[in-house]
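Residue numbering begins at 1 within each chain, and the chains themselves are lettered A, B, C and D in the order written.
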Amino acid sequence: MTIGIIGATGYAGAELIRLLLGHPEAGNLILASGSHAGERIEDIYPALRGRLSSVLVSPAKAIAESDCVFAALPSGVSEQYAGAAVDRGISYIDLSADFRFDDDEAVYSAWYGKPYTRPELRERSVYGLPELNRLRIRELAARGPVIIGNPGCYPTGASLGCYPCLARGLAGEGPVIVDAASGITGGGRELSRSFHFPECADAMSPYKVGAHRHIPEISRNFSKMAGRPVQLVFTPHLAPMNRGILSTIYIPLGPLPQGLPSDRPPSPENAERAGEIRELYAGFYRDEPFVRVLPQGAAASTRGVRQSNYCDISVHLDQTGTTLIVVSAIDNMVKGAAGQAIQNMNIIFGFDESLGLGGIPAAF
Amino acid sequence: MTIGIIGATGYAGAELIRLLLGHPEAGNLILASGSHAGERIEDIYPALRGRLSSVLVSPAKAIAESDCVFAALPSGVSEQYAGAAVDRGISYIDLSADFRFDDDEAVYSAWYGKPYTRPELRERSVYGLPELNRLRIRELAARGPVIIGNPGCYPTGASLGCYPCLARGLAGEGPVIVDAASGITGGGRELSRSFHFPECADAMSPYKVGAHRHIPEISRNFSKMAGRPVQLVFTPHLAPMNRGILSTIYIPLGPLPQGLPSDRPPSPENAERAGEIRELYAGFYRDEPFVRVLPQGAAASTRGVRQSNYCDISVHLDQTGTTLIVVSAIDNMVKGAAGQAIQNMNIIFGFDESLGLGGIPAAF
Amino acid sequence: MTIGIIGATGYAGAELIRLLLGHPEAGNLILASGSHAGERIEDIYPALRGRLSSVLVSPAKAIAESDCVFAALPSGVSEQYAGAAVDRGISYIDLSADFRFDDDEAVYSAWYGKPYTRPELRERSVYGLPELNRLRIRELAARGPVIIGNPGCYPTGASLGCYPCLARGLAGEGPVIVDAASGITGGGRELSRSFHFPECADAMSPYKVGAHRHIPEISRNFSKMAGRPVQLVFTPHLAPMNRGILSTIYIPLGPLPQGLPSDRPPSPENAERAGEIRELYAGFYRDEPFVRVLPQGAAASTRGVRQSNYCDISVHLDQTGTTLIVVSAIDNMVKGAAGQAIQNMNIIFGFDESLGLGGIPAAF
Amino acid sequence: MTIGIIGATGYAGAELIRLLLGHPEAGNLILASGSHAGERIEDIYPALRGRLSSVLVSPAKAIAESDCVFAALPSGVSEQYAGAAVDRGISYIDLSADFRFDDDEAVYSAWYGKPYTRPELRERSVYGLPELNRLRIRELAARGPVIIGNPGCYPTGASLGCYPCLARGLAGEGPVIVDAASGITGGGRELSRSFHFPECADAMSPYKVGAHRHIPEISRNFSKMAGRPVQLVFTPHLAPMNRGILSTIYIPLGPLPQGLPSDRPPSPENAERAGEIRELYAGFYRDEPFVRVLPQGAAASTRGVRQSNYCDISVHLDQTGTTLIVVSAIDNMVKGAAGQAIQNMNIIFGFDESLGLGGIPAAF
């Protein structure tokens, strides 16, 4: 297969290259870039020297000559390329937000500031969280080219962390709170004061509190999973590391029983109840190749998933047993971006879903 | 003044030394250690070379020869030393948890696994969060030697972040959730797998979820501040940095009004309301020398307080305006330990509260 | 093939596991440990969860049941295991220093403080730097089981950086100086004050200046490459990163011509001469699968080889053109340990030398 | 005193502010910036909030209203400002390279690409390495306003590391090699691909090998110290840390005695000889307030000088005793920039040389 990557010079593009060079079905890569066309990829990523020295071409050329196209572009520009791909009869896997909201244009335009220019493309598009929409992806693929709205990095970690609990109706009244920390690659390759080493090293900072564009995407996933509207509070943070997203998620189970003091150590019943919920999670994800529910007592860490497509999940309770605390860890560039996109490609083409994604997490 | 430091070789001890060497009233330091007595401090901390080459003495000797004693010891051993200090008529500033719970021995023993051995000492002890108990510290000091239960690092950041909101009755039903990330110095100088560089660098991990010993301390502070029991959910994390604690705190303001969608961008009214609460915070802390309420739109970062005694606070609302999100940043070793202990010493002795604590945060 | 790993719980062991799980010929892994026998590897490396849950066995069992054995042990204990392996007729790839000195027991015992216990094993052993000894490895393998003395991390980077220049007789009078910085994994998994996060993060330090055990190994390689004794000065440093060794190597080309000022910017002739030496390097390594000589003007960085088996080399001259400055970058855990060990296995068994080692360096 | 800082928004400017706010004689700061005039400094450095909220003014205004001016500007623009300051009768402490070369305009213009525009200003200028030129600074100051050419960061560490050895004639034939690693603040506040977190974190890289502009400055210092031309080879590196420069310096003592093997462990005589040289260093620097010669066996680390004005030096020999290896550590922003500039101010005004520079290094 010949695979095109539009936006190949950004970090998600570079990660797609790294992973696809190890994918047995990816015979040939065509790299495209609006701003770097004509340059050699190895001059931008010296790590690739000796492995891939392609000259970057135009997006149009990549679409014209590929059997499948990935696009790692800023939100707001993918509709034209996706349309061109579908017109040529090939699938388009979009890592931007442009196809993540199906026909809910109102929510998309409220957060991204633009209307849909080709709303009819949503007939061929699907939100590409395989654990949620695997069947829908297959159905669409059976009928022709597919447009994948590949999930955002934070939404992937948050949604996988909550799916079993929301689907099984465990969540009580009140908002689900997602507190997440991301490595700096999440900010992309563009230079920015926030990502200048001396301004982010050795420090933790929140950003876009109560206003991050991933809010509607997570909220939408939660509501679908629960089958009812779920209120979300979300705060992203920058952590001084290259990769990874750790999401600590607070799900209300019910009010504190009257008279119960809330400042005592967890009781043995608490551990037992946590163990039951952990079992529910483990059962729910039993057949998922990339979700690992950790044994009780362990806590998910970005270290455990580094450079892999895994989402590790650990299940905890607060000391009173009234708040479920779920921790999920992903590599923001793999399961949170390029790896999940390839997982979607594997589904579209009927390959084993893990093909090319078998890398062991690097413990250090 | 001659000042004793028991447990001088640990990280909090080292930070006390660093700060006290710049304190105009600290004429002489006596360093003590149970396990390192007889060694030179400069052999343990080469940074001190040329500035302080004291030989470490026994705790008893430090108490016998000082005008005031700081103790940076593990919890569970301070009562004997505090008693000896009070018997000699000198104040004892304890950085462990042993004097943080006043006469609530039940809560202390439930979390720390030991009873009080000298409960009567609590008549002379006070929880040393100056913003909360400044007057009580002064009162006690007017009557004789004082034992300070110097607050824990997480409790300092969490409590200062919530005080105005709890004291003014803004918090609605449901738990207050504190999600906090600490630099690795929080784990102390003892070797441990968790703090071995390759196992914590470039990674984020939670620990002791729902079971950390700072839960009862934070909970107790919240309830005192609110004048009613406040339920707390608390999750600490390790971030790959040397210093700092960032606490992101979720305080329920009230239920989502019926019919209001929760996935829309924040409205202008939201920003206005956040601004009002920010004003309330700024007014509340107007006279506090070490609490800085940031302007609306800014977000607290550990970078802004590095190596200083400041607590920076920023105030936000979620997109629906129903959850207050407060972010507080402290240096865990300064306002979260040694700096606050010196602030307490300044209060006890009637010095300017900022004496020796005027260091500007290091921006990098 | 069934492959045994003795010392599987250390960092080099963990990296062998990570790489061998992706090696097409490694059908089965037997993990052994003296101190952790009976434990599950996934409890020590949670990253392995779901991929390998082997119970660790004794070294003897690993040797008895494998077709090839890797040993990642401290120096001084491999002779017994290597002997047992050879007696069983299987090859033994030793990551310690025990088989790096062939029959030069005097040098080994001077630095490692022990005599050989089974000197006769050196008849079957070879120093496993493939770029230097590939043919000798093949010859030995053709005659029976082989013992590989897998090179040290620093010696690999230093030796590959100097080989072309020494072999072609470019080096003039005076010592070759190797100044190298290693990531903290180089210190291993054992807890140590030096590797406690707050004591090494955000800092650079040299160690064992003029006294590191890799001195005789590098020195020996240099002398073999040059065909004459080469004097070496070597200083290792710890850099605050997980992986990688950057070696900056100073090779005297000749004295400064009389009357030439040494403080002027490099002349155009200088760049030309550097380009010629760069060509010599590129030609020398033309057929090496894992050595990349960078284009003139680029500088080798550990970033370019992260988690790969590559050694990147850049060639420079000082401003006077009288000192050759070569920079080499490797991942200390891959080309500097586990990857090179697998490369040796591939040579022994006649596999493609790159088998299982094709991972693209992670740019971030 | 009123003190002006031109270029106050850069990192050296910010560090001058941090240190001068703690300087007892710095009554008032006037901050100036060409590009940020009109902005508030606290909006650029939130760490300063509550301590300094000055509006940035023009450089001309700072010169017109100050008693002494610091300039932290790129090289090539200071002559006009220095001239204006001297015309007003005030001293000008320049952190750029413009006044580091006295009347050796040829070397300056060869490396910096510009001629002197006001060569006559060198009559009032002096290279501000206090350990070398303290008397000359005092002499000039006694006669009127002084222009300080404040040393570069690398030259400070390298020159202090070599001064005793060169002045006492220990260095033999051949170049002195300086291999140095700097924290990322050395690159300044301007955004750049090289300093984007994901491109420099967790990695080591050399840069400008054989071509860095500090070569002529170091070379010049060495030659002055030795009283004869000294050849220099210099390689700077970027290390993934905020602050600090570690310089490992190789000084040839003489040729290897014939017949002496160079690959044996250091002899006891070697340690003795190293101890003698260490004593020479300690004696040489006995009265220097900011140079600490470490005890034999210790090695200088950037950790030991973090955020202080110290230069720590350790003295070693290679295993043969023919190469002296000196390691020096400074904080690049303090002794390597702002701290040294203030030390120069203290000398000019006859203050205690340590005034405002007494901060203890932060051990973490």
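Just so we're on the same page, a contact is a pair of C-beta atoms (placed from the backbone, for glycine too) under 8 Å apart; a residue touches a chain by one contact, two chains touch by 3 or more.
Fair warning: this is a prediction, and the values are worked out from it, not measured in the lab.
When the interfaces C-D and B-C are ranked by how many C-beta pairs touch across them, C-D comes first.
Seen from the Cα centre of subunit C, the chain whose own Cα centre is farthest off is B. Between the CA-based centres of subunit C and subunit D the separation comes to 36 Å, rounded to the whole angstrom. Chain geometry summary: the mean Cα position of subunit B and that of subunit C are 46 Å apart. Among the residues of subunit B, those in touch with two or more other chains are 11, 183, 185, 198, 200-202, 240-243, 301, 303, 306, 364. Taken in their complex, subunit B has these residues touching subunit C: 11, 183-185, 189, 191-193, 195-198, 200-202, 240-242. Against subunit B, the residues of subunit D that register as touching in their complex are 11, 14, 17-18, 21-22, 45-51, 185, 201-202, 242-243, 292, 294, 298, 301, 303-308, 310, 312, 333, 358-364. Chain contact summary for the complex, subunit C toward subunit D: residues 107, 110-111, 173-175, 177, 179, 181, 183, 198-207, 209-211, 215-216, 219-220, 229, 231-235, 237, 239-244, 246, 248, 250, 252, 255-256, 261-266, 270, 299-303, 306, 314, 316-320, 322-323, 325, 327, 329, 363-364.
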